[in-house]
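Order of writing sets the chain letters: A, B, C, D, E and F. Residues in each chain are counted from 1.
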Amino acid sequence: MFFHDKGLQYRAKPDRPDPLFAAKLQEVLGGQWGEMTVAIGYLFQGWNCRAPGKYRDMLMDIGTEELAHVEMLATMIARLLEGAPINMRDAAVAEHPALAAVMGGMNPQHAIVSGLGATPTNSVGVPWNAGYVGASGNLLADFRYNVTAESQGRLQVCRLYNMTDDNGVRDMLSFMIARDTMHQNQWLAAIEELEADGLEETPVPSSFPQELERSENAYQFWNCSAGTESREGRWAKGEAPDGKGTFEYVAEPRPLADAPTPPPADPRLYGTGGE
Amino acid sequence: MFFHDKGLQYRAKPDRPDPLFAAKLQEVLGGQWGEMTVAIGYLFQGWNCRAPGKYRDMLMDIGTEELAHVEMLATMIARLLEGAPINMRDAAVAEHPALAAVMGGMNPQHAIVSGLGATPTNSVGVPWNAGYVGASGNLLADFRYNVTAESQGRLQVCRLYNMTDDNGVRDMLSFMIARDTMHQNQWLAAIEELEADGLEETPVPSSFPQELERSENAYQFWNCSAGTESREGRWAKGEAPDGKGTFEYVAEPRPLADAPTPPPADPRLYGTGGE
Amino acid sequence: MFFHDKGLQYRAKPDRPDPLFAAKLQEVLGGQWGEMTVAIGYLFQGWNCRAPGKYRDMLMDIGTEELAHVEMLATMIARLLEGAPINMRDAAVAEHPALAAVMGGMNPQHAIVSGLGATPTNSVGVPWNAGYVGASGNLLADFRYNVTAESQGRLQVCRLYNMTDDNGVRDMLSFMIARDTMHQNQWLAAIEELEADGLEETPVPSSFPQELERSENAYQFWNCSAGTESREGRWAKGEAPDGKGTFEYVAEPRPLADAPTPPPADPRLYGTGGE
Amino acid sequence: MFFHDKGLQYRAKPDRPDPLFAAKLQEVLGGQWGEMTVAIGYLFQGWNCRAPGKYRDMLMDIGTEELAHVEMLATMIARLLEGAPINMRDAAVAEHPALAAVMGGMNPQHAIVSGLGATPTNSVGVPWNAGYVGASGNLLADFRYNVTAESQGRLQVCRLYNMTDDNGVRDMLSFMIARDTMHQNQWLAAIEELEADGLEETPVPSSFPQELERSENAYQFWNCSAGTESREGRWAKGEAPDGKGTFEYVAEPRPLADAPTPPPADPRLYGTGGE
Amino acid sequence: MFFHDKGLQYRAKPDRPDPLFAAKLQEVLGGQWGEMTVAIGYLFQGWNCRAPGKYRDMLMDIGTEELAHVEMLATMIARLLEGAPINMRDAAVAEHPALAAVMGGMNPQHAIVSGLGATPTNSVGVPWNAGYVGASGNLLADFRYNVTAESQGRLQVCRLYNMTDDNGVRDMLSFMIARDTMHQNQWLAAIEELEADGLEETPVPSSFPQELERSENAYQFWNCSAGTESREGRWAKGEAPDGKGTFEYVAEPRPLADAPTPPPADPRLYGTGGE
Amino acid sequence: MFFHDKGLQYRAKPDRPDPLFAAKLQEVLGGQWGEMTVAIGYLFQGWNCRAPGKYRDMLMDIGTEELAHVEMLATMIARLLEGAPINMRDAAVAEHPALAAVMGGMNPQHAIVSGLGATPTNSVGVPWNAGYVGASGNLLADFRYNVTAESQGRLQVCRLYNMTDDNGVRDMLSFMIARDTMHQNQWLAAIEELEADGLEETPVPSSFPQELERSENAYQFWNCSAGTESREGRWAKGEAPDGKGTFEYVAEPRPLADAPTPPPADPRLYGTGGE
């Protein structure tokens, strides 16, 4: 069960409105790698977690924190939208021609749909959807997802930092960047912990019996694009990171099986090619 | 540019048709973590890659290989669908009541839409969409995505392995599992290489100036869910994996900012709450 | 069965083209609360209606009228797009710099996809989808949806009215606003009628036996966000609108059940946390 | 900012596993009218609220409570999935043929994707998306949406109650039904309060000047479907609910404008019909 | 503007309920090639049509007819759902075990969401979306789309015909099949007419100046898949159907351009690979 | 199985960056009729093809070629994005005011998400999805889809050609236009071949017994929109293109069946209208 405190985790106050930047900031609220994704993803991972308590507790801690990030962003976006020009013939537009470009670029739904509030959508207005979420029940698979999400997320926030000069916006972004630093570290540490606890290791899932996979192909690099520059990388030689095999470079790969012979089509379904 | 060889990378021949399993196998073809995701994701990463040639070449190698995995799965699914019962009153259904359950569970689009062929959809029939793909231009962020995709993908294939007894299906899955072993290792090795080449490290993006983030919050664990079991984990104490800070456990976190005071609504947009 | 008359329900002729406004107007054609939603929603409600004839007839009346609204909007949008600049180097753009902003803001699909025609999408180009539609078979639930749709729809049209100065556009919008006034009133009247006919009342569904719900929680307000300003509202004291209970304010709510104890994960599915 | 308590708002413990019902229960977790919709919808309404504090506080109270409902459902679904048959050839399936039907009907993603955990999707596996959410900044429009959501939601939960005999499941549903009773009442009371506070009334938005709408059409019922049974309803005669007009029944409606004359197509865009 | 007659275009009465077939029939109502697609597609083509009146009139004729097909299907589906088993423990299920399979296979939303009514979704429950629609403003491009839609649609209806033995269902399907026969013929005739009227021909768009395309590649068949069986087809030799070129078979195609050299990444965006 | 050559099928080098045009060009990469659609569509048609080898080989040839088109477009888009302005306060923007309009119109995801790379989305940022693909197992139905896709695709590329003056972009588009000329011709030729081989003809599917369709309605044109201009077309008189019937014009069509009588609603599902 959840409780809410109306204080913001961190201040979210721009120096001045900027409806064009408001549209862009939506990406880290409601985009693929935005705060909705991590909040909902971590909570589902926590609810479905069957591992020892520290993992479940930790997942609920951070999933709950991420809800506060959604809140900060929603607050910031609403403030960036204050006083947005909504009519090309507004006096303000006539006097400040640069506003025309803003009006071209701002998200029209911020005026028409939400009345100058944030929306659960990304920077081009596509609604957030749960296809972005990863929650598999296998914690190593999911923690890797989480490291990714924090990496993609921090990357996007850093890019946005460079896309504005507003000190208030940058101040909030500097907090979000710091939290993403923490969370990248946290998930990397959690991966160490999982392995130290003997719960999971590479390759995920580690308890699938190695003798059941086709091991002659388990450490081969197949060179399917002309040129062999890929031979130079760590991934093509030496011991594999899982310590269970040695990389082999297949410079000229060939199909291992013949072309399939398709059976006749089912006449009841009117496919082409029945005899 | 691409060329195609009609041989299959590996054989894809079930011992017998099984339309219910065909529906399930769609998950690893056209689901969030299916082969379409990695094929299209790696190719976009390769096309947008501005790093040294070995990285770009490697991305194109594996993106191209993944297309062959889509092909194997499409072939297997078509064969699993052969002779599927399509009418509840077929004699076969009457004689083998278990077929009724198969008909309840098979994907009706496999008969109505594709005529007993594979479809670019997941195990519940949702069409594949590009919102699943990660391709950011930052290779560490993307390689972490790729490790995740191979982990989630291998996990799903291993689960499917346990959901069938068909030796032909299991044979193909054992090959796919082996390739996913390779690819998990490959991306982990690629991450090592990126770091060894000095191109990127934790936290992503590593070239964002550390002094610009709000560093007092960059290594804090906020305990937002009641209970402090999360204090026991590696993520709450000691040096952070990036070597740039020390974890701190905030047992009773509080908001850092006051509740925001919303401004009056814009009367032209008929929001509630103007003065 | 349907018949079409080529006359428009109301005139749809702008004073001058405005491709930027055309993009915005798409919201009330193909957005969540646009005319496609109400047309298709009311028709499905009508087709599935099992109530006395006046309800079904009324649903078909208004569902059919809404198709005419889609038509008016499509006509208006096509006219707003006439002569749109499609190339940044057009002489017109060079001579009238404000056109550049229009080109930045117009929907590129209006040129590339539809050749200056309306599209079944919203103001940011997201295709209309049937997830917007509400049609449950319970008329009170659905009429409440319909009041909502007419309220959100009229709100959006009024906002759009303020976002243009074109008299021809405003003339058509004034008709749509009037029809939405009617339809809000109509659905409110229909709710009165349903209740007067003894068919349904609050809480929907009213025929679910009251003794089967957990009545001690059926009129409690749970104060889950810090602060008790919510205690001041009508929703926290006095008789509830359904006349079947009295509001109670729970100032300091607590969970009614203990934390769940997750069972061990299924080893066949490689979840983390087996015993 | 949010805090989490691991206790459940109400117990969520089935008498026995039922993977088929788990699939169905997803509708009220991640469907159009499920708990994710109201949680996220109310929170966005709260964050964007510019009305007096009791409204904002109340929105945050209930939005936060709804997160606990998502949690209860996720817990229940995970428990319903325990020990699910995942292989048609399991001994259990052979001995209890009814299990075959369960396997046909259970959601395969519950095994393949989430490892017997809940997913943020509906009863047919479609991912939740933010296109379900209504949050306009106009509180009457939004409270009407909220009454609708609680009506559709309670209706679905009551239906699900009739679709199972499990006492543990029914116990939890009886709590959810009670809360939905409260919430329907709450939003109806909030509508009363809004009107009593003079903030908004029918037609939404009420501050759009009545003289600007085309008032001769603002209270007309257009009979667009053959037959005049619709004349018998409250919506076709007498004073309209807003008290600002009288219903008029237009028995034989005709278009008010001529068929539009389409202009020639733009030759640069290769439309058909240039002169 | 539209008018509705409550008579059905053709009778839609099954001999007996069949909830499993109801789920399947949704494909031709709300699937990619279902009646919603052609109804909405043809109406948008008509509204955006700038060609002589017979084309626009014809488009409105058939678009309007297709609405009646949606109506027939919605009616049939509601009747197929009558008395559907909704609880696995219903006496009816116990006595007729085959019902269990029906319950596994029926769409749970038909009970939970629509209360035994049709839904605007396909056979696996995915909501209809406007991304299925083709309407470009170029009539030859669109009429080709229309021939396709009628071909895919008739194919699906014929498949469904073979998937049931219900005489009432088959009767309605025989009408729909006949109308699709007409409509395939109609669009083929319309293509003849367009060409006879000199409005458009192959290649679409025919008014793009032939000298501006790179004509040396305009009639070449590139053999990109190993093996040259494709050389045997009509598409590889002789005059092309447009009469403007001769097919040429390129047996061993090679890239025409070198590998691109990617520029350094933008340091402000933290891409990998800046120098 | 596939192999990749790093050479581009054709050069993809703009004369200068143009981030606004990059956004538009995405339509033919990741839109409904973009290269991803035809690549994936043709490959699935090929993998599911059960017809003689020349058809399957041809499908794999062209599906594989289309992957090279995706690659060319991705390369071109990345180059058009080079040096894009990302901050409204960049000196470049201040000095060249037209850049502001570019910034309003460029896709913000090209900076935030992909770091100046192409994305698998359309011109308004909607992710590509597999609902665009047609692959039925019936080759005539599918080849008609393919003619359509090449027609819509060539139309869009020709429109884009007129929307830029960049010679490098136009050079690449002239190649794509030529290939689309080929592919329109190719699919028309393939349709001839199918018919010549006796595999399929109009109406699709041609092997459905003509006596089972309701033949009295199989060649009727129903005039459902007022006015009889549609009588003038080829589709309303004379022999139908399939040679199996004669067109008949039904000037005043009437429903063939009475209005349906809805049964009472199921009380367990709380529909409105039980007796």
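Operating definition for what follows: a residue touches a chain if its C-beta (ideal position, glycine included) is under 8 Å from a C-beta of that chain, and two chains touch if they have at least 3 such contacts.
Since this is a predicted model, take the numbers as computed values, not measurements.
Under the contact definition stated at the top, the chains bordering both chain C and chain D are A, B, E, F.
Taking B-E and D-F together, the pair of chains sharing more C-beta contacts is B-E.
Comparing mean CA positions across the assembly, the chain most remote from chain B is C.
If each chain is reduced to the centroid of its CA atoms, chain A and chain E end up 33 Å from each other.
If you average the Cα atoms of chain A and of chain D, the two centres end up 27 Å apart.
Residue numbers of chain F whose C-beta contacts span two or more other chains: 1-9, 32, 55-57, 60-61, 63-65, 68, 75, 78, 86, 97, 100-101, 103-105, 111, 113, 115-117, 121, 124-127, 129, 131, 136-138, 140, 155, 158-159, 162, 204-205, 208, 224-225, 227, 255, 262-263, 265, 268-271.
Interface residues of chain E, counted against chain B in their complex, comprise 20, 23-24, 27-28, 31-32, 97-98, 100-106, 122-126, 156, 159-160, 162-165, 224-227, 255, 262-265, 267, 269-274.
Remark: chain E residues 5-13, 32-33, 53-58, 60-65, 68, 75, 78-79, 82-84, 86, 111, 115-117, 126, 129, 131-132, 134, 136, 138, 140-141, 144-145, 147-148, 151-152, 154-155, 158, 161, 171, 174-175, 177-182, 184-190, 192-193, 196, 202-205, 208, 212-225, 227-235, 240-242, 245, 247, 253-260, 262-263, 265-266, 268-271 touch chain F in the complex. Here chain E touches chain D in the complex through residues 1-6, 49-52, 55-56, 86-89, 97, 100-101, 103-105, 107-109, 111-113, 115, 121, 124-127, 136-140, 194, 199-200, 204-205, 207-208, going by the rule given at the top.
Across the complex, chain D meets chain A through its residues 1-9, 30, 36, 40, 43-44, 47-48, 57, 60-61, 63-65, 67-68, 70-71, 74-75, 78, 113-121, 127-131, 133, 135-138. Touching chain C in their complex are the following residues of chain B: 155, 158-159, 162, 268-270.
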